[in-house]
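So, here's a batch of structures to check.
There are two complexes below, and they share chain A, which is joined by chain B in the first and by chain C in the second.
Right, the complex of A and B next:
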C-alpha cells in the first residue's frame, strides 16, 4: 500500500567505491527490496566512484554505499549496506506509513 | 623568508604556517605530513587560521591547498576572506586553491547498515590530485557527526581518514568545535596525536581577549604559555613573547634627543639607537615636548618617525609644539613624520599592539614615540600593559628602532615607580618635575638612569621658549 502513483518509475543509483563485500551486500539488498515492492517499476544504476571520482563531489557522496532515489522527486539518500529493510522502505517512501488495520 | 632564523627543534620536520607569531610559538610550524587539530568555540578564529595556513602555503611556498568546507559555501568564504585582504577567487582561478564544499547539513541522510567514508576519501583524493595540494584544511568535520548517527563507525572512519592524509604526505589542519566535557564536541583530540592548538575567546572588563595555547606537540618543544592573538583585518596574528629572549644586537650608534643641552647630559651624544627611553613626569612637565623635539630631530636627519599620540589630536600637538619652535607640520607634509592619534580605550591591548606593529611594518620608522604609555592602563592592568610593552620593545629592538615612551606620574614626587612598572625594562629614564620657587613653577630635568653611558646625575632646569628648548643649572638662592 503506497500513497505514490502506482505507475511512477523509480530511478535509483547506488554509489560504491569498488565492488567490496559491503557494496555487494547493498546491491543485493536493494535488488530484493525492489523486486518485492516495485515490480517492474524501477531501474538501478551502479556508479563506482573509483571509476568516476569526479561524481563524488558532484553528487556529494561522502559515504559508501549510498543509495540515491533520483526519481521520483524529491532526491533522497540512504547510506549503508541497506541491511535494515524497513528503513530502506521508509526512506525510499515505498510505504510512507502503515495505516491501522 | 622570516622563518629562516627560527630556533629549530631537531628531529621532527615542520611546515611553517606563515602566520605571524604562530611559527615562533610552535618553533617552526605544524608537524609535516600529520593532522593538526585546532579547536575553539564559535567565532574564535578557527576558520581564519585554517584558511591562512593554506593561503600562506600558496603565496610563500608555492604549495597548492585544498580547503574542505563542511559549513560555509565557497561564495561565503570568498566574501568573508576578502575582508582580510585575501583574494581567494584569484587563487582558485589560478588553480592554486580549491574549496571543496561538502554540504551534508541539509542533506537529510538516512542510514541503513554499515558504511564507510570512502566517498569522502575519493572526493579528497580527486581534489588533491587535480590541484597537487600539499596542504589540506578541513573545517569542520564534526558536522558529519550531527548528520549521521552511527558514531562508532564514524569514529573509526575519521581515524582512518586522518591516517590516510598523513600517508599521502599531506600536512593538514582540521578544526573542531570546543566541547563541554572534552576538548572538542566529538572527541577529535583522540585521533590527533601530534598537535593540538586551543583557541579561547573571552570577554574581560568588556574588552575582548583572545588567547591561544599549544596543548600538545609530539616530538617537539613549544611555547607552553597562553599567548594573545587577534583576528584582525590582516588575518590571524599571534603574539609570542620573543622579546624575552633578549638576543637583539646592540648598536653603539647614538641619536640626538633633539635638545643639544640634554645630549650634553649624556656624553654629548644623546640616546643609543635602538634603545628604549622613558620620560616620566606629572602633568605639564613637558614630556610631549621632549618627545616632539626628539621626533623633529630624527626628521631633520632625514629619518622617518612614527608618533603615536594617545592623549592629544595631531592638530593640537602641532599647534602646541609650534609655540616652542618645533614645527611638526612641516615633517608631516614631507612624509617623514607619521602622527597617529587614538583613544587607548578604543580597543583592547592586543589590538593596539597589532596596530602599532602594523604601522611599524608599513612606515619602517627609525624611531617610535608612544605618548603617553601610561594611558594604556585604561585598557588593561599594569601587568598586562607591561607585557604589551615588552612585546613592543622586543619587536622594535629587533629592528634597531629607538622607542621613546612618555609616562604620566601621579603625585608630586618623580622618583617613584611609574604605574606601568616599566622602569626596569627601559634603557634610559628621564624624570621631569615642576618645582615651585617664589610663586613661579620651574621645570626640572634629571636623568635617573641611562644604561651604557656616563650620564649627568644633576637635577637641572629645563627651559622652554619660543626659540626652543634648553637646560641650565638650577639658580641658587
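Right, the complex of A and C next:
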C-alpha cells in the first residue's frame, strides 16, 4: 500500500563490486526507470565495494548489485540487474510522478 | 544450519509427513543454495548450501535483509566474502510462505565456471591474435571449400578481404597444372591415410598470376566434419633464389669446364697426342665410374681429373715424349716426374674434387711398385686407381708416335693380368664388364 508523499525525493544507493556486466545493466536500468517514473525526484549514489568495502556494513549488504532506497523511509532493498521494471517499482515502492490533470 | 521454518523431520509416518521428509532431504542436501525471501527482502529460510555460500559471521542468514530479487529470470549476482567475491547465478520464483507473498531463490556458485570461461575467452583471444597476425597464411578447407583463411592468406593471393575467398571452392585458387596433386593430397588426409603432409604448389592470385607456395596441412575436425587446417607460405623468393643458384652453379660449371678445356687445348698445341689421350682417358674413367655406381658429381670429378691427369707432361721435353725406342734412365726419371709436375700445376686450383692428388697418384700401383711415392692399396685414391686403368687401356689401344696401337685386347689382357697387384680388383672387374660384356668402345 502506497502512503508516501508523491512529491518526496528518493535517495537511492546502488551497491556494486566492480563494473561487471550485471552492475552495468543494473545502473542503466535504474537510471532509465527513475527517468521514466520519478521525473527528477531522485538521486542515485553508486558504491563500489571494491573501492569502499566498509560501506557494505552500514546497509548490511550481503550481495550485489543491491539497490537500496534510503529515503524516504522505510529502507528497502532489491537485488539483481533490475531488468524487470515492474518488480523494481513494486520492490522499492516507488510512487510514479503524476501529471496534473 | 539455521532456518526459520524448514520442513523438519517428523515422528509420524503419515503420507504428509513422508512428503515433508522428502522435501527436507531435497532442500538440505541440495548443492544449490535455496533462500526464501519475504516481500520486504528479509531471508526467512536458508538451506545449508546457501549458508555456506554467504558464510555469515553470525552463522545464520535468517532475518538478514538481502533485498527482494528484482528479476525472475536467471541473472548473476556477486557475494563479497572475506576470501574473495563469489559469482552466483540467481533464479527466483514467486511463492506463498506463511500465507504471504515471498520469493524462492536458488543460488548456484558459478565462480569457477566463469573463471574457466574467461580463461577460455582469453586463450581464444590470444589464439585469434596469433592467427590473425601470423606471417604465414592459415587456412581451413572443408567439403572442398575454404572454410576459414587469415588475412595473410588473402594477402598472399592478392585479396584485401578474407570474405572474398571464404566459401570459394579450393580448386578455383589452384593452378590448373597442380589440381590433381592438391586433390590427391586433400583426399589422403580426409580419408585418414595420412595425418598431415607438406608440399609445394602453385596458386592463382586474384589478378590471375601464379604464386609459388609451400603448404603444410593436417587432418582435423571442424563442427564434427572432417577438415584440413594448414599453414601456407609464399615461397616465390625461395624459388627464385633456387633458380638463381642453379643458374650460377651451371655458369660456374661451364666456366670451370671451359678453363679445363683451355688447359687441355694449350697442352694440345705442344703435344696433340697427349691432349687426345687425356680426353679419351677422361671418358673411359667416367664410364668405369658409372659401372662402379658413382653418382653424377663423382663422375664429373673423374672426367675432369682424366682430362688433366697428364698435364704435367708439359714439363717433359717434347723430344723425349715422342722418342721411339727405349728411354735412358735420366729420360725415364724426367717422364716419371710428370705426375709431380702435374700436381704442382693443379694444386693451386680449388676444385671440388682432389684433382691434383688424383693426377699425382695415377701411376701408383696396388702393390706399391708405382711412382712417385710407392703408395699401396687404399693409400691410393680410388679415382687414381680408376685413372690408372683407363690410362693403360687408352695408351695401349692407341697409336703413338713411337709405336703402333697394341689393340684393346692386349690392353684388357694387361689389366686382367695386373688385377690385384697393379690394378684395383674392383676397378679391373668393372673395366672388364664394361668392355667385354657391355661392348664399350673408346670414343674417338
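Operating definition for what follows: the second predicted complex is superposed on the first by the 91 of 101 C-alpha atoms of A that agree within 3 Å, B and C clash if a C-alpha of one lies under 4 Å from a C-alpha of the other, contacts with A are read in each partner's own complex, and residues count from 1 in each chain.
Rule of thumb we're sticking to: a residue touches a chain if its C-beta (ideal position, glycine included) is under 8 Å from a C-beta of that chain, and two chains touch if they have at least 3 such contacts.
Predicted model, so just to flag it, every value in this text is computed and none were measured.
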| item | value |
| --- | --- |
| Chain C versus chain B on the shared chain A, clash or fit after superposition | clash |
| Touched partner set for A:88, first chain B, second chain C, both or neither | both |
| Which of chain B and chain C A:57 touches, first, second, both or neither | first |
| Partner chain(s) touched by A:77 [first = chain B, second = chain C, both, neither] | both |
| Touching partner for A:22 - first (chain B), second (chain C), both, neither | both |
| First (chain B), second (chain C), both or neither touched by A:66 | both |
| Contacts of A:10 with chain B and chain C, given as first, second, both or neither | neither |
| Stretch in clash, chain B with chain C, out of 148-156, 256-264, 418-426 or 436-444 | 148-156 |
| Residues of chain A that lie at the interface with chain B and also at the interface with chain C | 17-18, 22, 49, 53, 56, 60-66, 76-84, 87-88, 91 |
| Chain A-facing residues of chain B, complex | 100, 102-104, 107-123, 125-127, 144, 148, 150 |
| Residues of chain A defined as touching chain B within the complex | 15, 17-18, 22, 25-26, 29, 49-50, 53-54, 56-57, 60-66, 76-85, 87-88, 91 |
| Residues of chain C that touch chain A when the two form their complex | 40-41, 54, 56, 61, 64-73, 75-80, 85, 88, 90 |
| Chain A residues within the chain C interface of the complex | 17-18, 20-22, 49, 53, 56, 60-68, 76-84, 87-88, 91 |
